[in-house]
Amino acid sequence: MDIFLAAGSSLFLLIGSFLCLSGGLGLLRFPDFYTRMHAVGVTETLATAMILIGLMLQSPDALVLLKLMVILIMTLFISPTASHALAHAALQNNLVPKLNKQNDNEEVTPSNP
Amino acid sequence: MLIAAILAVFIVMVIAIVRGFMGPTLYDRILAVNMFGTKTVLLISLLGFMMGRPEFLDIAIVYALINFISVVGVLRYSDSSVFKHHNKQK
Amino acid sequence: MGHYNYWIVVVLMMIGFYIVIAHGNLIKKIIGLGIFQTSVFILYISMANVEGGTAPILAEGISRYSNPLPHVLILTAIVVGIATTALGLALAIRIKQAYGTIEEEEIQKKDNLDC
Amino acid sequence: MLAHLPVLQVIVPLLAAPLCLFLTRSRLVWVFALAVSALAFLISCLLLQQVMSSGTIIYELGGWEAPWGIEYRIDPLNALLLLIITGISTIVLLAAHTSIQQEIPEERHTFFYILYLLSLAGMLGIVATGDAFNVFVFLEISSLSGYALIALGKDRRALWAAYQYLIMGTIGATFILIGIGLMYQMTGTLNMEDLSKRLPEVEHTRTVFTAYAFIIVGICLKLALFPLHLWLPNAYAYAPSIVTAFFAATATKVAIYLLIRFTFSVFGLTFSFTALPLQILFLTLGLLGIFAASTAAIYQKNVKHLFAYSSIAQIGYMIVGFSVSTTTGLMATLLHLFNHALMKSALFLALAAVVYRIGSVQLSQFHGLGRQMPFTMAAIVIGGLSLIGVPLTVGFVSKWYLIMAVIENGWWPVAVLILLGSLLAVVYVWRLVEAAYFKPPLPGRDTIKEAPLSLLIPVWILVIANIYFGIDTRLSVQVTQAASMSLFGVSP
Amino acid sequence: MVTAIAIVRLKDLFAVIMLSGIYSLLSASFFVTMDAVDVAFTEAAVGAGISTLLLLVAITMTGRAEHPDRHKPILALAVVTVTGGLLIYGTFDMPYFGSGQAPVHLHVAPRYINDSMTEVGVPNIVTSVLASYRGFDTFGEVVVIFTAGIGVLALLSVVPRPVTIAKINSLNDSLHEQHLILRIVSKMLLPFIMLFAFYVQFHGDYGPGGGFQAGVIFAVAIILYAMLFGMITARRVINQSFIQLIAAVGVLLYGSIGVVALLNGKNFLDYSVLSDDPIAGQHLGILLIELGVGLTVASVMIIIFFSFAGRRDYLRHLNDNSKGSNNTSC
């Protein structure tokens, strides 16, 4: 039994780490804000869940399990909400998505003091 | 395995810092901070397990919370004229 | 491990200190002050660390704990830090209202005009 | 209850502060604060008496013995400081109600008294404690309330002054924190008594040297010693008059106390004066401070600025006495500390009375006031004479001891310089006298009346104390002698 | 760690604040790896949470661009180099990092580690040192926070304008439109946050946490509410003068525990008098003073935030009024 738990936990952790890394890569390489947010928002939720589940399988007692559950639930709520709010706010404040390559110049000029 | 996961999270944290530094828009920075916060939560829980003291999870919960609240705070106050001004220069 | 940990702390401290004295913007100064203080906290916490020790919460089967006293001191110091930050920001807001700017040089210019 | 006096000294004002929030009317709060301050004064008198008769009092907070818990340690030096602080605070509070009517908006009066009590409690806490970290905590209580009090001033420059003070003060406090941390790292203890026992073992290390340097610089920032004094004049000039009177008499004194305490009791004399070229450094800085600040004072147009610069100069005198580092020198410092508190609070309170009547402290506005406000101006003149060091005033006593100490050490040139510094004081006091007595009143200002009694009485209490302690020096000399003896007795 | 910090030299204040938030999180993670769990807890809640929020509110009032011209950076650089050099010089004789033989670990601390269980009876050593051995420091800390609250009030308090119900409703609606999802999720989370705050408050004896952290978390919950449902609504739930009194009550609760000890003939803050059994007395004492700390911290944090946000609304109101008559703004 233990060996299954350990293996399962490792598997989950591995998947989580991979997702994490891919999300990070997306954050770094994607061209504009919305795509970057997409990369982060999608992977982050899943990666966090994976890693937390991996840890849950290792947890020694009930209290720890409970706390991990709390964290998981909170991330599941918070992460998409935050992403949504962020995108919403960005759109409302006239940040234009970069849809095609024609207007490739900076969509927002940094403020020059 | 834990170590590998910690390493992965750590790398992503560095990436988030880079993005937070580069900008270019306000929202990129918020995104980076948000992501950084989530990853810190993960890092702390992983570290707690690695050191064999899972009591650390309390801190992770606080981090998740604080992260959420700072994002809300940023968004709530980013509708003020100070921020709009920046974006309307275009 | 040697001392390199302390050196990093010193560098951080000095960056914060530099921001405080070299920058003219009042808010930036307060942020610098925060960094300066946080680095001092790191200094304290580093000295509390023992190799092979764990968090100072008594548990069975653990005999090496890191030193709790600096932790206590820093808890107090963090509180002092946030208190200072809050007061400093409150002052900055009032200054902005009274002078219309939060740049040190402009404030001094306006003061000289007053005299 | 007598055994608990040391802690009561601090917690009475500390607990009274939040209680003020429950009182509704500002007059009631004033009476309450005054009563609390008077009670604290009474306690400090009792403490001084106890210390003089039975020696150092040790009080263990929480019932934990010293290196593990925090202890209060009252010796003659602390007792003297406690007496000065509570005494001045009580007299200044007596005048507060009338003075702040004009300077602070009505709805902030309660906050003013709370902050005042907190600041008082903070200073008392710094002085009474025997634990290095506790010093930091109470330092922050007193300085945070100090920043807020200064910012309550009417002029917008008060805000800027308070901000500058906040930055400088926090840097100073953080430096002290670093110093305490380094000391702790080398010795593993925070208790001052314990530190002084354990420091000699490690005193040759570079870390202890650094710790000492940081603590000294941090304290000097708070002290407004000459090159680090920039925050002081503005803070004093634009704060509400009452606050200025209180701080000028106490805040820098507390910093001097810390300097003495760390140098003599914690690090020990031999270390302090051999590790750094401290003696020559302080002597030069002190003398430079006297001259630079006195000269600056001569050119000030604002009388509050004038006296603020004179404060910096007086700090210079204290530092000179300190740098002599003999019993007499230290005694001179402590005497001057006591006397300067008396004269500066008298002067600034008198200025508060002037502000109350004419709403300004520009020198040009003083013309003819000598006839219109005779009592107030007489008080200012006596205070000024005391600053110069004319016989029969307290200023004379301390200068006398200072010169004696310097000559004992054979530093003749320094003695001459000190006398020259006093001449500069003559010049700036004369400018004030000239304006007040020898210039005709400004047109349209015939109706200025004498300040109300509620302001005059505290001023004159202080002035009479100025003269009384100038003639009858038994009490002050006896206490300061005991204090400096005990410091030299403790340190090897 | 150095990387994060070298960044904090940007001109845009907003970016600086974001980065200082990251810096705070980073140092908190560092505290965790250094086994300072309680400190990490507090730093996260305070540094990354409260102070970031306060800074944000502040820059909405003061503007976010920093002027490029700086004065005498060379002098500043010199001062910094000298101090830094002195510190580095000081580090050479320090005991090595992590060394168990350092004086820090040999002199005072062993008693806390070995005997606190029998003397105070609380597994979390940090709590027992904080609340019992060095209880007076903590009392000072509570007073510092109280001072800051009163100071901010003295500086920023404005008399709230009377507002009509209709205006509240319209404001409410506009917020509702803007932040619909946020509001719903937050509403769901709020009770949990408060529950968690209570858990932290009373679990401080056994794990990381205690009055201070709990107070901050509680305050954060209220702040969240205030941000999403408008200041006016929040003010109606939590009245300004009421919260001031709570802050005072916290300090007084702490102090009165000490006074009770005094009246019973023991020294100030000696909790063993609170019960027949000294250990139980210590336990009770710690519980009560943590409660006092929690009350004061929570209410002062709320006071500070409300004053900031209240000032902001007030300024905005002034601006709206003055825009019609004159448009001279800087």
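Order as written gives the chain letters A, B, C, D and E; numbering starts at 1 within each chain.
Methods note: a residue touches a chain if its C-beta (ideal position, glycine included) is under 8 Å from a C-beta of that chain, and two chains touch if they have at least 3 such contacts.
Remember, predicted model here, so these are calculated numbers, not experimental data.
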Kindly list the shared contact partners of subunit B and subunit C, in label order. E
Subunit C to subunit D, fewest steps along touching chains: 1
By CA centroid distance, what chain is farthest from subunit A? D
Using C-alpha centroids, which chain lies at the maximum separation from subunit E? D
What chain pair has the highest count of contacting C-beta pairs? C-E
Could you state the distance in Å from the CA-based centre of subunit C to that of subunit E? 14
When the C-alpha atoms of subunit B and subunit D are each averaged to a single point, how far apart are the two points in Å? 47
Just the number, please: Cα centre separation of subunit D and subunit E in whole Å. 31
If a residue has to touch 2 or more other chains to count, which residues of subunit B qualify? 16, 23, 30, 32, 55-56, 58, 61, 65, 67-68, 72, 75, 79, 83, 86
For subunit E, give me the residues that contact two or more of the other chains. 37, 59, 63, 66-67, 87, 91-92, 94, 102, 104-105, 108-109, 112, 134, 137, 140-141, 144, 147-148, 151-152, 155, 178-179, 182, 189, 196, 207-208
Could you pull out the residues of subunit A that touch at least 2 other chains? 70, 74, 78, 81, 85, 92, 110-111
Kindly provide every pair of chains that touch. A-B, A-E, B-C, B-E, C-D, C-E, D-E
Any idea which subunit E residues touch subunit B in the complex? 3-4, 7, 14-15, 18-19, 21-22, 25, 28-29, 32-33, 37, 40-41, 44-45, 48-49, 52-53, 56-57, 59-60, 63-64, 178-179, 182, 186, 189, 193, 196, 200, 203, 207-209, 213, 217, 220, 223-224, 227-228
In the complex, go through subunit D and note every residue touching subunit C. 133, 136-137, 140, 144, 147-148, 151, 156-157, 159-160, 162-163, 166-167, 170-171, 173-174, 177-178, 181, 184-185, 190
Sites on subunit E touched by subunit D in the complex: 86-87, 89-95, 102-109, 111-112, 132-137, 140-141, 143-144, 146-148, 150-155, 157, 159, 244-245, 247-249, 251-252, 255, 258-259, 262, 266-272
What part of subunit C is in contact with subunit D in the complex they form? 13, 17, 20, 26, 29, 33, 36-37, 40, 43-44, 47, 69-70, 73, 76-77, 80, 83-84, 87-88, 91-92, 94-95, 98-99, 107, 111, 114
In the complex, subunit E residues that touch subunit C: 1-2, 5-6, 8-9, 13, 16-17, 20, 23-24, 27, 30-31, 34-39, 42-43, 46-47, 50-51, 54-55, 58-59, 61-63, 66-67, 69-73, 76-77, 79-81, 83-84, 87-88, 91-92, 94, 96-100, 102, 104-105, 108-109, 112-113, 116-117, 123-126, 129-130, 134, 137-138, 140-141, 144-145, 147-148, 151-152, 155-156, 206-208, 212, 297, 304, 307-308, 311, 315, 330
